[in-house]
Amino acid sequence: MTTLPTSVTTVSPGHYLQFASDNTSGICPEAMQAFMAANSGFAASYGNDDATRLACDRIREVFEADAEVFFVFNGTAANSIALASLCQSYQAVICSDTAHVETDECGAPEFFSNGSKLLSAPHRHGKLTSAGVLEVITRRTDVHYPRPKVLTLTQSTEMGSVYQKGEISGISRIAQEHGLKVHMDGARFANAVAALKVAPADITWRAGVDVLCFGGTKMGLPIGEAIVFFDRKLGEEFSYRCKQAGQLASKMRYLSAPWLAMLTDGTWLRHAAHANAMAHRLSERIAGIAGAELLLPTEVNGVFVNLPEPAIARLKALGWTFYTFIGGGARFMCSWATTEEAVDHLADDLERVLAG
Amino acid sequence: MTTLPTSVTTVSPGHYLQFASDNTSGICPEAMQAFMAANSGFAASYGNDDATRLACDRIREVFEADAEVFFVFNGTAANSIALASLCQSYQAVICSDTAHVETDECGAPEFFSNGSKLLSAPHRHGKLTSAGVLEVITRRTDVHYPRPKVLTLTQSTEMGSVYQKGEISGISRIAQEHGLKVHMDGARFANAVAALKVAPADITWRAGVDVLCFGGTKMGLPIGEAIVFFDRKLGEEFSYRCKQAGQLASKMRYLSAPWLAMLTDGTWLRHAAHANAMAHRLSERIAGIAGAELLLPTEVNGVFVNLPEPAIARLKALGWTFYTFIGGGARFMCSWATTEEAVDHLADDLERVLAG
Amino acid sequence: MTTLPTSVTTVSPGHYLQFASDNTSGICPEAMQAFMAANSGFAASYGNDDATRLACDRIREVFEADAEVFFVFNGTAANSIALASLCQSYQAVICSDTAHVETDECGAPEFFSNGSKLLSAPHRHGKLTSAGVLEVITRRTDVHYPRPKVLTLTQSTEMGSVYQKGEISGISRIAQEHGLKVHMDGARFANAVAALKVAPADITWRAGVDVLCFGGTKMGLPIGEAIVFFDRKLGEEFSYRCKQAGQLASKMRYLSAPWLAMLTDGTWLRHAAHANAMAHRLSERIAGIAGAELLLPTEVNGVFVNLPEPAIARLKALGWTFYTFIGGGARFMCSWATTEEAVDHLADDLERVLAG
Amino acid sequence: MTTLPTSVTTVSPGHYLQFASDNTSGICPEAMQAFMAANSGFAASYGNDDATRLACDRIREVFEADAEVFFVFNGTAANSIALASLCQSYQAVICSDTAHVETDECGAPEFFSNGSKLLSAPHRHGKLTSAGVLEVITRRTDVHYPRPKVLTLTQSTEMGSVYQKGEISGISRIAQEHGLKVHMDGARFANAVAALKVAPADITWRAGVDVLCFGGTKMGLPIGEAIVFFDRKLGEEFSYRCKQAGQLASKMRYLSAPWLAMLTDGTWLRHAAHANAMAHRLSERIAGIAGAELLLPTEVNGVFVNLPEPAIARLKALGWTFYTFIGGGARFMCSWATTEEAVDHLADDLERVLAG
């Protein structure tokens, strides 16, 4: 076994999880402040409180749309019950074969929909292509194969890329022409908006998206995602679905109040921009390190690097945590809480272990 | 329409929801403190953090049992996925016909189990009886009727009563003799323990309970319930079930850390005892008011009263909120946050509107 | 143990199951003839064959309606997937508490709908009442209780009664006014039409029924029920549902061809009228026997009798099979195959054992 | 558009569906005879009849095993509920990416299991490989990915190939070592046994198969498949699952009696051997035709040929029906009912259109 270079500094416990995922970060100060402020006296339960009403209104303002809004506990549920509401069990959902709903939800979409099949389409850097989507939609029409009824795309994607406005509207048009609804998994929607510098409406309903699962947790909230139905009819009776699916919080104010704070004064975009900037900082450092190769362009808050196995092992021995992929890839995720010092420290260590 | 007596004092907004449900209360100070303390730096996600490990250990200590423990978001989910893990879709769950899983979950148990039927048994003050349970178990044995496989009882019950230790063990014995597992809906478990002054083990696994859904929200937490499998084999692979069912929190520390605080130095029981005491205070006052009739004995934190419809209407007009039942009943729930002043104020108003 | 009177004649094996259920009968000659005729050469599978096309057309003629028709394997599936197609998992189905879907399907409706709750309403001789239905529909409107979305009634009922045309339209009107769809479980629909001597349309779509599960098996077919959507929109994509639910026969002609024969020249009604007549014959005999008491009026092909336990035991010892109920009731079912001799034989034996 | 050569003979209606699928054939004489014989008098329903008892016994004899046997309506259901009985919703089923359960069941396995994901593994001529299976089993172990719990293989495969005894035991060993159960989709099991000339036990339980879905329809029955649990414990309570899933026939004798006939005096294998022989006859003819290329070896009753698109169009114009694949492939299926004349006729026509 390789011994580590003695010169490598050891990381403090506070740092070691910094790049594993954006969900290892805590609650950002603004959300925490709102959470504490919400803890005042009694409030109506199940979302009939003022904080929830105001947070829903704020989301409608941010999206410039009279949308139906629901707060649920996590992304697994948000995406799964939103998809289930858009199709029947004998219909199918088209997704990228890198989509989180396909690769990391332990069958949750199939569970909540009672059997809707996910049909995976090819991707480029994690993004669906019009040609790929069209092929899946038109592949079969017989009764032995589930009819595609929903298309889901992830913005920003699981591979750290971002759909341009025109890419979304292009794919959505194909979906609509064939009677499909368009769902967006926005676990990292904030990072996409911050990167693209567009109005949220431009990459959602104006581009043909029917439902957005707007991620809160990775953005800095303790718990909770918002499901935004731009077409109110699609959200009719959705509160019953939330209830039955175990996603109706009794003390809803603790989910919604932090949302209100995040969407005030651009807090969400400021944090997302910071996370993106940290990824770019890391990316730029890595571009200059011999032996490390960027696998994908850095568009938002994730950096995907090809590293030799021994380098990965040494980094891990130093206490750094990050996801790795079969074949040598590593993923470093940045969040609102990632510091420049940590980025530089990681880059320094990376340089040393590769030089080693 | 009846005019209100002018002498009745108006309630402040802080009070008006005080008796609607124990989930209109906020987060108790100890839980809030722990929540804030948990927000320090990065932590491993999905429950692989220290707070979660310690909270699980603490629950094992409290129950004097090497149990498997899982934290989930709410009671609907906790009960539904716990029940689903104990039976197949073609098997049945026996419950009281007043059980929350039967009356107030919008079909969640049937949804998560993919069709397990709830078979309701008669109750006395919300409590199942041995005779009633036995009748349902032995009613049918043919393939056209689902085989009872789980018995669920609520402690304390939806009608404000408490099962004595011997009642639980008596019913559990019948269940076990017929091959059923025993599940306890403990949304208000703390109130029962505080009322009975027993070791938690005595009214759970020592009395034949296999799985407890231990309620946190009504006890003073922001979010979250604990599922406690006293038989570890029953909890095998349950983490996969949580994941698929949208109940695996990524930032788990914010669910678990408050649990640790609540179960330290008897905080949970102190708060529960307070809630119970407030209910008794109210109950005693009501006993002396002409025109109000206690419908059920007050054993924990709920007071059930028979009131004339006009009195109910006047109380509501004064801003008091509480649940009512067909036929004239009203339910007043107390929590850790209920104050003596509020109880007295409510009782005074009640006296006035009945005198009115 | 009671010894049997020596004078009682023993029944031949051919008789002993005659009154257990109308599904212990075989295939009637006309259906058998059609089945054999269908077995000629090759035929397109999955319902794309001539026999199926013709059978669907024939059903449309019989009902004087441009209905969508699907043939499935059995009644459990027919009712369950029809109901599932009419509601979402978080909605409810109102049924009589004697309904087969509630009492004898081992949770199939909940399974196929992924959790739709059955809400049982009170009945009179197995028939729903307008008042009872209205009470269930308007009972609750909160999100914790599933919204009623379908009403199902059984024609003829599980208790041998028949809804009059006006009863159906009365109940349907209430359902429609509250946004519910109306489903009819017609496992014994033929017996009802034969008894009422009405046009099938008059007690289905003209009376507000949206979907009929038209029973074939009990009528004399080997296998198979027809699902008839009077509103074609409700049947859209239903073939996908059949496929996914394991109810799309590959050699469909063997299900459909016998239907065509049954619905030709009034065969179905002739057989149903015979079954009804046999029940009346038995009923009339029983009315004259001391110690036997008709529990319900005999309106179609079932006879419900109150008998002392020893008489039941003796009849069973003689080889007669029939269903019994807690409290002493017995059910004798007649079918197309029931003979006058068997009826008389049974009545004679009944008289003897009661004379005991 | 190409005009057809005038010399091509036109096919009679009796022939035109001959090669579309083995389920376009009718009922073979032996099964028909048994079906008619079963139609004698009354019989106990739901499988409690003599024919069903005898047919189950006969299956046990054929497999030399004390198996649990259930008759259900079709293959979609047989495979789906068998798979559902072997795993939980959060577990996965490994199958070939050409498996019928993956490609042609409209999501039925996911529906009946309430969400179990199918994980497809690579294949060689439709057959799983040990290496491919092992890779899928060991791919992931985290909670975000469903744990493989069942392996399903199709014998004979959807691509007309046959697993050798050693191939099955090799793959089964890997499955067992990792805690997976082994399921065999035997829609064309008879063709495999006839081709391999082995004892049925040798390619099922002796080779590690836990459950076989033994196909009846394609073999010559009107309706019905047998589910054979070689491990009786796995079949416990399966009758409840059948009932709830709409797969319990009331007049079971009509499903089971034909099975008894088929499995008597080697009828099933004689018919399967005939189907195989017809495929070989066609295959040999095609091997000698310029412009047609066998895509796969002909091991059982299917012939897979690469044909130019115009040739396919001409054949179809002549009335021949068969399945085609993207890229020019055609599938011709033979059955017990395929005649030498039809094979020769097809081959002649094929020769002509290719020469054309």
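As written, the chains take the letters A, B, C and D, and residue 1 is the first residue of each chain.
In this text, contacts are C-beta pairs under 8 Å (C-beta built on N, C-alpha and C of every residue); 3 or more make two chains touch, one makes a residue touch a chain.
Chains and their UniProt names: A, B, C, D = L-threonine aldolase.
Because the structure is predicted, anything quoted here is derived from the model rather than measured.
Student: Treat touching chains as neighbours and tell me the shortest step distance from chain B to chain C.
Tutor: Minimal hop count between chain B and chain C: 1.
Student: How short can a chain-to-chain path be from chain B to chain D, counted in steps between touching chains?
Tutor: The distance in steps between these two chains is 1.
Student: Hey, which pair has more contacts between C-betas, A-C or A-B?
Tutor: Ranking A-C and A-B by C-beta contacts puts A-B first.
Student: Which chain has its C-alpha centroid at the greatest distance from the C-alpha centroid of chain C?
Tutor: A
Student: Go ahead and note the Å separation of the Cα centroids belonging to chain A and chain D.
Tutor: Centres of chain A and chain D (C-alpha means) sit 42 Å apart.
Student: In angstrom, rounded to a whole number, how far apart do the mean CA points of chain A and chain B lie?
Tutor: Their C-alpha centroids are separated by 34 Å.
Student: Measuring from the mean C-alpha position of chain A to the mean C-alpha position of chain C, what distance in angstrom results?
Tutor: From the centre of chain A to the centre of chain C is 52 Å.
Student: Give the residues of chain A touching no fewer than two other chains, as numbers and ranges.
Tutor: 89-90, 105-108, 111-112, 114-115, 143-144, 146, 240, 243-244, 248
Student: Touching chain C in the complex: which residues of chain A?
Tutor: 46, 88-91, 114-115, 143-144, 146-147, 237, 239-241, 243-244, 248
Student: Inside the complex, what are the residues of chain C that reach chain B?
Tutor: 89-90, 92, 103-108, 110-112, 114-117, 143-146
Student: Mind listing the chain B positions that touch chain A in their complex?
Tutor: Counting only chain B, the residues touching chain A are 13-18, 20-21, 23-27, 32, 35-36, 38-45, 72-77, 80-81, 105-108, 111-112, 114, 217, 222-223, 240, 243-251, 254-255, 337.
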